[in-house]
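Letters A, B, C and D mark the chains as written, and numbering starts fresh at 1 in each.
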Amino acid sequence: MTQPAIVKAKIHSVRPVAVGHFEMLLESSQLAAADPGQFVHVRTPGTLRRPISFSRLDRVHGRAGILWQVVGAGTGWLSQQPTGGRLDVLGPLGRGFPAPEADRPWCLIGGGVGIPPLFAALQIWGDSVRAPITAVLGARRGDLLVMVDDFRNRIGDVQVTTDDGSQGGQGTVLGPLAHWRARHPNGQIYACGPTPMLAEVAQLCRGVERVYLALEQRMGCGVGACLACVVLAQGKQGPEWRRVCHDGPVFAAKELVW
Amino acid sequence: MTQPAIVKAKIHSVRPVAVGHFEMLLESSQLAAADPGQFVHVRTPGTLRRPISFSRLDRVHGRAGILWQVVGAGTGWLSQQPTGGRLDVLGPLGRGFPAPEADRPWCLIGGGVGIPPLFAALQIWGDSVRAPITAVLGARRGDLLVMVDDFRNRIGDVQVTTDDGSQGGQGTVLGPLAHWRARHPNGQIYACGPTPMLAEVAQLCRGVERVYLALEQRMGCGVGACLACVVLAQGKQGPEWRRVCHDGPVFAAKELVW
Amino acid sequence: MVKPVNLEVAVGTVRLANPVLAASGTFGFGPEYAGLANLARLGGIAAKGVSPHPWPGNPPPRVWETESGLLNSIGLQNPGVEAFCREYLPFLARAGTRVVVNVIGRTVDEYCRVVERLEAEAAVDAIELNISCPNIKEGGLSFGQDPVHAAEVTAAVRAVTQRPLWVKLSPNVTEPERIAEAVAAAGADALTAINTVLGMAIDLKRRRPALGGLSGGLSGPAIKPIALRVVYQVAQTVGIPVIGIGGIRTAEDVAEFMMAGASAVMVGTATFSDPSTMERIIEDLPGCLQRLGAKSPSDLIGAALPGRP
Amino acid sequence: MVKPVNLEVAVGTVRLANPVLAASGTFGFGPEYAGLANLARLGGIAAKGVSPHPWPGNPPPRVWETESGLLNSIGLQNPGVEAFCREYLPFLARAGTRVVVNVIGRTVDEYCRVVERLEAEAAVDAIELNISCPNIKEGGLSFGQDPVHAAEVTAAVRAVTQRPLWVKLSPNVTEPERIAEAVAAAGADALTAINTVLGMAIDLKRRRPALGGLSGGLSGPAIKPIALRVVYQVAQTVGIPVIGIGGIRTAEDVAEFMMAGASAVMVGTATFSDPSTMERIIEDLPGCLQRLGAKSPSDLIGAALPGRP
């Protein structure tokens, strides 16, 4: 695991990838060595940094991607940073996804800006998995979907859902997931997306051994010091708080208490 | 007098004019119609606007200049505004200099960034004064002097002083002023500069009928509403506060209480 | 498409065209901003504090910028109630908006004298008691920092006027709820929360407190969280309306204050940077309400208080 | 050219290599930032508050950004003094800097139990009593909001330890000077001022207070003027040293606090945005002192207080 550091990374490129979504490539072999599911804490003008997951990890060229939706001042500022400039990021942070088991069918479930870390996982581990790989990617509308082509370039089974049916099947990722789960009782599931979606994934996949969820929580420090970013998990003596920034953001579904 | 308004003025040009000093031309006939000694309240990113006097008033082309020294965040931001962009200014504000009397010798005393409003006065009224005109321009060092050439292009008698003698005579503007005063007991004096300098000018010129000083004070609103920017003046019933933004920034020296 | 929305709200018996008023001390006595803002569009104007006689205020500097905030130590300079009624009130009366007169005094008697003088003036829609100025008699603490004195001055003023009586709370107390309860029981019709937060800046060059008055009152976005907390606290404690104030700059800020329990709001420091702030907020409110699924401003009042659906 | 400067300062008997300490609750228990900051460079580290037994803290969200500020409602989650001594203190003992242990409790007895447990630990350079947590017995007000209770807990702890005892003041009171006097008389060796300012944010989408704990503590540059005011007030009132805290981000900020009367400072929220803030400040201090015409940090202490030349 790469030690986290303050990296003043050069911005290789920034480009719009969907309505209100941008992807940036940072030049840094340190960041590119991160685990999928880890994140960077990006310095923006406000009081706090902003956590963003890696969307891709190009270890050969030493480039790491981050992909975000503009939702407020921090992400807005980020989308205005010029190519060639430097971005102050703290990372790589947290505990990412574990490597998938090679012989288990693998399902990647991504909602909205939860899709990018799953692509990083596919990029790093896709070739090592010999069982079938499925991606189910959802968004509210088709014009908010990201990275679908990236997935399609790597695997054949990429299913898309949108709430309004404007692209792929109408509905949420849960429909295709239920289907997949029925066909692959032994499969492994990696999911990232809005918390309510993850709660439903956990519920639907109860009993499945390998279900990993990448969570979000409001953060202060990003390094485990302030105890801001907690989620409830099963401890030895009953429920206890775990830190999304340090113990996560990826948790086994069975660890968590909803 | 032009009514003050919020003007989103186009930036015609910004250029460095001395170490840490910049001058900007704004396209606005409304602003160009201001009186010398009036100022604009410039919107910067902080909580308050920043007051800056007009450095020149080009009524023909409808352009008004402002010239500032970078001393903090507001003036720093200002010096980074791009040509062609727009600046949000509130103005013209305050009461400027009265028109000089045509037949009285006229002395313009400027210290540091107090020089610009005097140039605006010279620009507007220089041709109407038939008596001799003298400018005494001072700064701490020669590389901090502004607008000397602008003055020289208009009048012959431009005297320069610097604290360290690096340009013109060594010393302050008070030396040449004392001299001028002795030779022109009937003269009129317009001064702008740091408050201690203005206090000395007032002291030195006590008894002279027409002495006008353009003052600085920390401002809130800039339009007379908040009572932040007060200086002590002679009222009917003893000393009273006057507002630099509204009753000034130009005051007759004899109005003021030091 | 934003539908036209009726923005009217009521603060007790005072009906306002919209919930956005100019805060006392930041909008002068009316004429100062008249060329820059359309006064008739505002929900109301709270005039700068007036005392029975002219007050000189503090030596300059009287303002100092801080991060997202402003320190001021104007020291309540004002020409006195007589000059106010003569020189400014006629203008305010014609401004086409609600007129709130902010009242200050050093003793209970001084407050009463100002309010009694205002009884003669039909143009006054509400009295706002500013109980955050130092109470000389009681050793430098202001009336607003002690429930007993706050109640005393409120009751005394209540006895001399039937006009809507708003009391403006200081945040510089251990328990604002206690002051709120006390003044509500003493007859206040509404509360304004908050006045400025006590603060200070140091002028490094002079090695001295930056303000002529040494310490000053902090305002602006920096104090918005403090103001929201006080509004939320007092709105739960008293039955009378609360007017929210502190760091408001946008329609969303207004919505936050209303959800925390405010029936209307006041805008102060933001006007300095942008004199059209209040008009912009009023323009943005319908769209903001629509995004929040509210039909009218009143829908939001207290929505975030405990026990609301 | 900036000359090398001895940055040492003393807080009573505690000598610090420089006046910049990490604030409690924002620097964890030491190891969390160890890879990102050189702990041995710091004047000291105040560990996160510890109670006699583990505390769970509040439900999330526990932080919310505000303009130039941060609201937090961590709720003093901590593993208890026993786990602290076992799992973290050995690391802090080796960190090469002063170790301050922040102590919390719900009753006087709980405070004493934590401090008694710490008596066994040689690594503890000072105790910091955090008297801003709610005192359950006294109806929800914290010890820090009442001079009598503040003195009581200070005296009780004083009786069980000879260690340097610092008491951390709450700004959420009418008169911080009264609390300061009371705890100084009860045996405090120094004061830390200030803890966070009570605040709140509203989550417009959920129509609810944004924080899981409803209200929270405001920190960051927004509160710097409030902190400076409290430091200036208490430094004039008591004879013991004051440690300044609240919104510090630069060497100039440190100089402001020291002129207002602080002997040292703590840096909290700024570390989140830039973990090297404290080291940068320490690096910048010599140049800052030189620009201010001071030979050492101690030259600045109290320079802006009344009666100084």
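Basically, a residue touches a chain if its C-beta (ideal position, glycine included) is under 8 Å from a C-beta of that chain, and two chains touch if they have at least 3 such contacts.
Treat the numbers as computed from the prediction; the structure is a model and nothing was measured.
*Asks:* Identify the chains in contact with subunit B as well as subunit D, in label order.
*Replies:* Neighbours common to subunit B and subunit D are C.
*Asks:* List every chain that touches both subunit A and subunit C.
*Replies:* Looking at subunit C and subunit A together, the chains touching each of them are D.
*Asks:* State the chain with the largest centre-to-centre distance from subunit D, centres being mean CA positions.
*Replies:* For subunit D, the chain whose C-alpha mean is farthest off is B.
*Asks:* I'd like the Å distance between the centres of subunit A and subunit D, where a centre is the mean of that chain's Cα atoms.
*Replies:* 36
*Asks:* For subunit A and subunit B, let me know how many angstrom lie between their CA-based centres, rounded off.
*Replies:* 58
*Asks:* Measuring centre to centre with CA averages, how many angstrom lie between subunit C and subunit D?
*Replies:* The computed centroid separation for subunit C versus subunit D comes out at 33 Å.
*Asks:* Quick one: which residues in subunit D touch 2 or more of the other chains?
*Replies:* Residues 66, 68-69, 221 of subunit D each touch two or more of the other chains.
*Asks:* Provide the list of subunit B residues touching at least two other chains, using ranges where the numbers run on.
*Replies:* Subunit B, residues with two or more chain partners: not present.
*Asks:* Using the contact definition from the top, classify how the chains connect: line, ring, star, complete or other.
*Replies:* Its topology is that of a line.
*Asks:* Between which chains is there touch?
*Replies:* Touching chain pairs, listed by label, are A-D, B-C, C-D.
*Asks:* Show me the residue ranges of subunit D that touch subunit C in the complex, using the header's touch definition.
*Replies:* Of all residues in subunit D, those touching subunit C are 66-69, 71, 141, 145-146, 172-175, 197-202, 204, 207-209, 215-216, 218, 221-226, 228-229, 232, 247, 252, 255-256, 259-260, 292, 303-304, 308.
*Asks:* Considering only the defined contacts, which subunit A positions touch subunit D in the complex?
*Replies:* 3-6, 43, 46-49, 90, 217-231, 240-241, 246
*Asks:* Considering the complex alone, what residue numbers of subunit C touch subunit B?
*Replies:* 25-28, 32-33, 35-36, 48, 56-57, 60-66, 68-70, 72, 74, 77, 220-221, 269, 271-276
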